[in-house]
Amino acid sequence: DKLDDIISSGTLRCAVVLDFPPMGMRDANNEPIGFDVDYCNDLAKALGVKAEIVETPFPERIPALMSGRVDVGVASTSDTLERAKTVGFSVPYFAFEMAVTANEKSGIKSFDDMKGHTVGATAGTFEAIALEKQVQEWGTGEFRPYQTQADVFLALSQGQIDATVSTSTVAMANVKTGNFPGISVVGKAPFDTDYVALFTNRDEYGLINYLNLFVNQQVRTGRYAELYEKWVGGALPSLTVPNAYR
Amino acid sequence: MIEIQNVHKSFGQLEVLKGIDLTVQKGEVVTVIGGSGSGKSTLLTCINGLEPIDKGKILVDGTEVHAKSTNLNKLRQKIGIVFQQWNAFPHLTVLENVTLAPRKVLGMGKAEAEAIAEKQLKHVGLGEKLSTYPTRLSGGQQQRMAIARALAMSPDYMLFDEVTSALDPQLVGEVLETLKMLAEEGMTMICVTHEMAFARDVSDRVAYFHKGIMAEIGVPDQLFNDPQHPETRKFLASVR
Amino acid sequence: MIEIQNVHKSFGQLEVLKGIDLTVQKGEVVTVIGGSGSGKSTLLTCINGLEPIDKGKILVDGTEVHAKSTNLNKLRQKIGIVFQQWNAFPHLTVLENVTLAPRKVLGMGKAEAEAIAEKQLKHVGLGEKLSTYPTRLSGGQQQRMAIARALAMSPDYMLFDEVTSALDPQLVGEVLETLKMLAEEGMTMICVTHEMAFARDVSDRVAYFHKGIMAEIGVPDQLFNDPQHPETRKFLASVR
Amino acid sequence: MFGYTFQWNQALARLPKMLDGAAVTMEVAVLSMLIGIALAILLTLLRLSGSRPLKAIATTWVEIARNTPALFQIYMAHFGVASFGIHFSPFTSLLIGITFNNAGYLAENFRGALKAIPDTQTRAGRSLGMSQLQAFRYIILPQMLRIAFLPMTNQMVWAVLMTSLGVTVGMNTDLYGVTQDLNALTFRTFELFAIAAVIFYVITKIITLGARLIASRLFRY
Amino acid sequence: MFHTALTSADLIFLAKGAGMTIFVTAISVCIGTLLGIVFGVLRGQLGPIWFAPVTFVLDIFRSVPLLIQLVLANAFVGMVLRLHISGLTVACMVLSLYTAAYCTEIVRGGIHAVPATTRRAARSLGMSWLQDMRYIVLPLATRIALPSWIGLALGVMKDSALVYVVQVTELLKSTQILITRLQEPLFLLLICGAFYFIISFPLARFGGYLEKRWSND
């Protein structure tokens, strides 16, 4: 099966989104770095193979897996039931809180202030789907999905959109870079916690099993906390859901 | 009255008109003959201001054609011109070819323009071809249409530049007939032509051009039977 | 020897050759005359296998042209053909036009092919034009080049299809001279032509084609002075 | 042989949404063509004009439109010009990008068409007393549009195909944008995009057939 | 003129993207042209009716947005056929067929423009079909087709900006990556646009020049 294939081929190919700081991004030499990159490296080490980071934009994550271009997605992918019809998810390896980032000129101070404004998010993500639904519910304002997280923040800083909802980690990381003057994180978005999971082909039970155990081991050994401190910092989010098994 | 006074005209180095003087009275028919390249066509295009001139002046009813203040578009309305190459507008029917200028330039209504156009087209024998496209017409018919198109502007003067020379021999007659008819109706005309019989028949005066000079001008009888200038004699001998 | 036996040929519905029989001996010059559309060109293109035939057969030196087993490319090497339309290869110089087939088809070396080509081009009077491009040649020169091009393959037979009829009158003579020279040198030739004087002068026999039938064939004296077939008489009267 | 189970029902259920997207695609394409033709005529006139700076502007436009990717032009219309504080909605950015591209290519076609019209036509018009502009409007332009009709049809097809690039500037109401949104929801990539491809194919066929019909109506000479 | 955080490493990164653009274009144009020649010649040999199925398929490549072609091909090869093929390969395959679709028309037009009488003359000299093609049709058709072919090749280069969807980092994608990090969109976009322009403009002009020169004789 795939687990054997990976071990015998000697390389683990991970789909990682590289414009999603601090989970995936590029350093000054344009080399990939970030939480997901480290996570993939850890996984490869556990398997005793070499890691290969394959950059995939958000909308292309699943096609990249389905087309056999990658073995595993370490790409901050929300584990929705709709998607689980197509791919197999591990247990969550990370959990995002959703934050609202706004252009200071827009005067938006909270999630509800976004009503009637032009807002945007990264096409194909959990928060984009939720935000688009919210805008439709409000009945005013406009929603724009951009192809990459970078385009969203570029549009936000240029004033093309007034606010965005993104994972708090991304929001903090982007605001911290100082690349985008005039934007700030103004609050939380009342969306469910976005649990993200590793994924691979739906029928690769052996590999999924391995991934589940690997996520568990990362928490147990403290590596999860270590990586969280390195890339994000602050209170470590819990990966378990109250009153449920998974 | 068209007054041409000492007109000089060059294309680059080449002096094409070297001081032409000619006055055409109202109602007069002047034919211009001469060798190829002698400047006949150039003179006609200077008269209606399509080409600038270098020296001298041209007056049409007292208005100087090449003066800055002259409204050429207005002036051209009273000078009809028909060229050697058939210049039908291929995208318009025969009727539309003829009504276009009256409607757009004179601002005539559609009905009025069409009435005039039909009259002129009948006049030149194209009453049956109103809704045909020019590509379907013979060369002779296209030239007659061009004449009707010019006449529809009710010009006071008509200039004809070898209107038959691109035609098959059997089509020449019908076009010359049309010109003759116009002459008989008293139109003021300058005709450049190679048809000597026609020139002799229709003209009040015939001018012979040679290398940018008007070498000789006279009534047809005199010019054809007793040419004064040696070049005229040579030319007439060559075309006979 | 070219043997044409009961050849039938249709284009779609139209029967163009309706049973032609003709044998041309080595060294013989046969001229084919006849009205437009009578099938003369078609016959020539059948002889070298450019067109398939429907019935009958054509033998060249005993080889059946339209047999499946025949190597047409090989056969065509001994049958030169020159067409009415000038068929120069515009991207090659005159010399290259002539050397192309000897080099690529016969596999000759460059030097050898050029020697032959120069000889043939001198033969037809184009010795001075070796490195000119055909677009710079007159029609007559292009036709003579086409003849040299065919001759360079050292064919045993030459077919000429109205090689002068697309030429200006003053250029016809030079090409006919070349054909006459070839005939005198003993080349076996079939010439389709409208030049009656030439046909009378050069041919061993003249064939008259009428609507896909070879209506009459005979020595020039007999055919021109005492035609047997009424259609031949009519045709000769019309071209005189 | 396929390791993939097609689920056409799921995708087909979204067809109405995709057809709405197709309508937006057509809207962008048609608008961009209409404005593009008008601009191309203007560019052609500028290139014919004696004025050097006007000529230079027109030539620059045409050459940039023809020598850089359409995707670049659209991206520039949104994120590039925003650097000057000018903001366009995705729809407008896409429209501007495609229109810019159309105008450039069409102007070049028009120039070729103009060469095919003898200048004696203008002369004939002028000698009937028409102004330069009237002669262009009533005599040259109609003939030019006829000669350039086939290239214009091709450009219209390209305009339709170019709308798919709108996603890069946040467009999500056109056919491609809608398809991508649906894909994010369901991950039925193959089925959804196959349907989109068929819709695009049908649209382009309608355009080429329609153009033929219009041509036979319009150009009877 | 500009204050920029662009480093030499970034320039090399951009250059790599440009190299990828050229690489993808070169491969696709080569394969596409070969296919186009084969299809164009076959069409001439088989006639429009027998060739209709191929014409239909090629027409699809000209009637569906390249972006969709790429996404579909990627999904088909990977999700349906489950072949392990890199994005670069998929990009080259799609672009090659895309090129072939347009090239077929160009080749057909070029061959069609060689007068039948000239080809007859060649065959009458004993040349085989292949020799006729090689020595007469090819050189003559090339003159007619080359200007449009140059236009096509440049078109493919510009369209190759779309292969980012199958994870090929070409010039425009590299530019976007740098924009992500450096946040100087206008400056970076201008560099990117200038690059395309510098390659495309002279070649386009050269094509126009050839067209003018060859249409004269």
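We just call them A, B, C, D and E in the order they show up, numbering each chain from 1.
Simple rule for what comes next: a residue touches a chain if its C-beta (ideal position, glycine included) is under 8 Å from a C-beta of that chain, and two chains touch if they have at least 3 such contacts.
These numbers come from a predicted model, not from an experiment.
When you check each chain against chain A and chain B, which touch both of them?
Chains that touch both chain A and chain B, as defined above, are D.
Which chains touch each other through the most C-beta pairs?
Top of the contact-pair ranking: D-E.
Approximately how many whole Å separate the CA-defined centres of chain D and chain E?
21
Determine the centre-to-centre distance between chain A and chain E, using the mean Cα coordinates as centres, and give it in whole Å.
37
I'd like the Å distance between the centres of chain C and chain E, where a centre is the mean of that chain's Cα atoms.
Computed value for the inter-centroid distance: 46 Å.
At least two partner chains per residue is the criterion; list those residues in chain A.
63, 66, 151, 154, 158
What positions in chain D touch 2 or more of the other chains?
4, 79, 82-83, 189, in rising order.
Name the touching chain pairs, would you?
After working through each pair, the chains in contact turn out to be A-D, A-E, B-D, C-E, D-E.
For the complex, which residues does chain A have touching chain E?
18-19, 25-26, 28-30, 54-57, 60, 63-64, 66-69, 148, 150-151, 154, 157-158, 179-180
What does chain D use to touch chain E in their complex?
The touching residues are 1-4, 63-64, 66-72, 75-76, 79-80, 82-83, 157, 161-165, 176, 179, 189-190, 193-194, 196-197, 200-201, 204-205.
Could you list, by residue number, the parts of chain E that touch chain D in their complex?
60, 62-69, 71-72, 75-76, 79-82, 154, 158-159, 161-162, 172, 179, 185-186, 189-190, 192-193, 196-197, 200-201, 204
Going by the contact rule set out above, which residues of chain A touch chain D in the complex?
Residues in contact with chain D: 58-59, 62-63, 66, 82-83, 85-87, 120, 123-125, 128-129, 132, 142-147, 151, 154-155, 158-160.
For the complex, give me every residue of chain E touching chain C.
115, 117-118, 120-128, 131, 135-136, 139-140, 143, 217
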